[in-house]
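Following are the structures in question.
Next, two complexes with chain A in common: one pairs it with chain B, the other with chain C.
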Partner chain A sequence: MLPLISVDESALERLITTYAMQPVEAKEGETEVTAGDIFQKWRIDHAVRYRLQMIITQWVEELTADALALCLIGPAYFFSFVYFAGPFASMDNPSYSHPPDRMRIEFMCDMLLSQGDGLAYNKVLKETTRDYIEQWKAYASQSSTTTPVAEITPYSSIAAQAFEPVLRKIMIEAKSITRGRRYTPRRFQRDVSSLYENLANGIPPNEIMDDWATGQSRIAEAEAILNAGWVYLISGDDRYAKLLDVSDQWTVTNKLFDLVSKGLEYAEIQRRWGR
Partner chain B sequence: MTVLGAKRLRELIYHTEDIAERLVVTPILDQNAQISESSAAIDIRLGTKFIVPQKANVPYIDVGDRNYLEKFEESVDTVYVPYGEALTLHPGHFVLGNSLEYFHFPPNLSGYVVTRSSWGRLGLVVATAIGIHPGFFGVLSLELSNSGEVPISVYPGLAIAQVFFHEVTVAPTDIRAPSVYLGATEVELSQLAPHEEIEKLKKLAR
Partner chain C sequence: MQRQTPYLTAHLLQLSLDRSKALRVELQRLRSQQYPPTGPLLLIELAIRTNEQISEELSAMLADPVLLAAIPTLEVEINLRAKTNLLAYLHLLMQYVQGAEIQYSPSTLVLPLRRLLKKHLRVRDFDFIVRASRWYNYSILPLIEGIQEVFSKADYSSLLAGFPSQFFIIDCPVSEKRNVPIHCMFAHEIGTLYIKDMT
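Coming up: the complex of A and B.
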């Protein structure tokens, strides 16, 4: 489904030449290999291209998984990523299996906020939530301030450049694959503010009252519960902390996680009971 | 003292949009059975987590010992019993459990937890510390004790107790629930810490 990914051939050639010029220690009983030897260069050329291909393939998988998660869960996936992946030892240090977090964060921010190919959440997010994502996007789009130390460094810039034209295609395909099962901005807008108020008042976010006159309620979707939890956490709203009479942010955050978990548990119990 | 009937309880739960005045009891899995029209209480179900003291590891509980809570915590087991399975209480056995339901009391309501009589007749006492203050929110701790002569199996998810609700005639802003157990989402150990008071009591004796 994705287009062929082309790498910068001249940069790749320079990398191969650099490796080929490094002296290679001969094993016992073998003739010493001369740097710059044609056969040696051919072998390195093959090995470097193979390794780069493997890296790009795994990075595509990883970025596609990010895109699918955003489609299925919404902004909650991004919020949990930046919360739990901190303090970003891998911000500028990619691995063979994972692209640098800087690339993933910028990609996810783009996908959440942009219109058309993106998910267009900017229309439904409250200002504080939108600002939070935009701040991450601005931070991620800055160039690295530290020197990467990972072994993969020589490959990463070539791989990263190759991704530029592919990222938008990944967004489009992820949206297409999840059509019908996507957690949409419309569903986010319909449910999250009501569940947010539950959390602010110390109530598990498992039910949404649609009509107070008739008492008609509905069980909250897991995606809505997760999104409400993260939106509340990053909002800076301190109503729940005041209710608990607790000023320690760590305790309040853990209590909030417990409340969100309770909401998920209750919603699931209600769903199964209803069946 | 006014005890609220089923109709008023349903109004407070299902038809009160203002969160400051709403009574929250969730999840109510079977409205007709749990808030029966002929009753003046809400039936509550047993949760899945229990704190079980290990008799062999606790010589005694001395609340005057500043470290008693830590010692006590080390001598209890937290047990998870899935729905459909049972926890067996032997005669004299005491465990802490919690309600399946989560409550949020408005500032003008208080409540009392009482064992359902059908269980009481088997020898089970569900709640020994039964008062719920206005403004409380969280799951309710249930102190389960078998005061009968034969072992009793209790099943998480079954209605085991009931809560009666009373209106409180104090201005809502004057009320604040005690905060020690606020917001509990599962059973918690006692937080009793009367050391300073015991020191004062010792001074009285001098």
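Coming up: the complex of A and C.
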């Protein structure tokens, strides 16, 4: 993957020149000197390029782990990411180890919804769920709303530009190495709506009735249970809240999470009985 | 009656044995807690086995009149230091068990997580601990290299027989321990394992 990344050489040269011209802290009475006065240019060049390479390597790993997470459990990973990290998201403040959240969120939205290289969940998601992801995509796609303050900023803009051509490649690779073991939109479509109805009615989402006439049921996969929990939470469906007779959103969310947890637990017990 | 000299070797050995006995009490307390299968108990059992062996060897040294007849030789000091360093390491290792108890961790997720890891990792011989921590983040820490290095330095590698070749600590924020759907964040950590597994 890394050989595919080419950085903007002119931007990099400007960065190297900036570092060479940076004043080095001088002791009292000493003449102020710059990094370029002390170090040969090739040393500064090497140090800047090395740091940029480290950042790009780390970022590739992080974005690949995001892509793999979507392949392993589907949209549930994206929902948990924005739910957990959203309020704290450093949208435009990347670190040496992590790309900016704006890039990660936009990348994940693309991977979930796009056809071909992506996972094509757009075909199987309900309108409210798809709309939720598209809103995040619109938010992440708009230009920076905050002023980046991190020391890494000059590197990150070069790194971010270099990433554009490889994002598709990361999606393709993640799909390729999880082929045959991936949680697919087809499985999502088959199971999630049924488990969603369980949640709306306050029933733990541990099994799926495939045939009501014969009473034939199937133990739900953990991936499906977790996705159903998220889809219900995002949907704005208030049937479970009404059932609980509770209006406080936090309480309803916690009760819903408990119900999802029960679903996982019961499915595990059923699986053990089956064995 | 005046104590007989030299006394220091016996004294140092006894002090070390006391440390081992104190650790035994703590390990028994940890073993009496309930954990989701199977990582936490594996780690505690490893610590108990190791501590017992150290205790036995210290007792054997204390019963050796030749050893006790002189002040500690350099050889005794090195031997003793290897054992006490390992005791301190076992003490430190137990930090990974705290927060993994059934009532404190997202225990319902442990079995599905194990299945997911089995499905996706090439390495079959692994185990892990999921614990709730004060760090407000999700993270995964491969522990086995550290364990192997310390046990090897102390010459106790044989006690690692039967211990998994990969052992991970997976952390989630303690305030979110009940909120199982949020733990889908673990999928990213599995993704990083996947990358390491592939490379």
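Heads up, the rule we're going with is that the second predicted complex is superposed on the first by the 255 of 275 C-alpha atoms of A that agree within 3 Å, B and C clash if a C-alpha of one lies under 4 Å from a C-alpha of the other, contacts with A are read in each partner's own complex, and residues count from 1 in each chain.
We adopt the following convention: contacts are C-beta pairs under 8 Å (C-beta built on N, C-alpha and C of every residue); 3 or more make two chains touch, one makes a residue touch a chain.
The structure presented is a predicted model; accordingly, all values stated were derived computationally and were not measured.
Three-chain overlay on chain A, with chain B and chain C fitting side by side and no clash.
In the overlay built on the shared chain, the residue A:M21 is in contact with neither chain B nor chain C. When the two complexes are overlaid on their common chain A, residue A:T64 makes contact with chain C while staying clear of chain B. In the superposition on chain A, contact of A:S261 is made with both chain B and chain C. Judged by the touch definition given at the top, the superposed model places A:E197 against chain B, while chain C stays out of reach.
Put simply, the three-chain overlay gives an angle of 60° at chain A, taking C-alpha centres for chain B and chain C and rounding to the nearest 10. More chain A residues lie in contact with C than with the other chain of the pair chain B and chain C.
Once chain A of one complex is fitted onto chain A of the other, the partner contacts of A:A47 are absent, as it touches neither chain B nor chain C.
Of the two partner chains, chain B is the only one touched by A:G215; chain C is not.
Closest approach of chain B to chain C, taken over C-alpha atoms in the A-based superposition, is 6 Å. Overlap of the chain B and chain C interfaces on chain A comprises residues 258, 261.
Contact residues of chain C toward chain A in the complex are 106, 108-109, 111-112, 115-116, 119-120, 138, 176, 178-185, 187-192, 194-195, 198.
Touching chain C in their complex are the following residues of chain A: 61, 64-70, 72-73, 76-77, 79-81, 83-84, 177-178, 181, 222-223, 226, 229-230, 233, 254, 257-258, 260-261, 264-265, 268. Interface residues of chain B facing chain A in the complex, by the touch rule stated above, are 10, 14-17, 19, 24, 26-27, 29, 100, 102, 104, 137-138, 179, 182-183, 185-186. Residues of chain A touching chain B in their complex: 197, 201-204, 206-207, 209, 212-213, 215, 217, 243-245, 255, 258-259, 261-262, 266, 269-270, 273.
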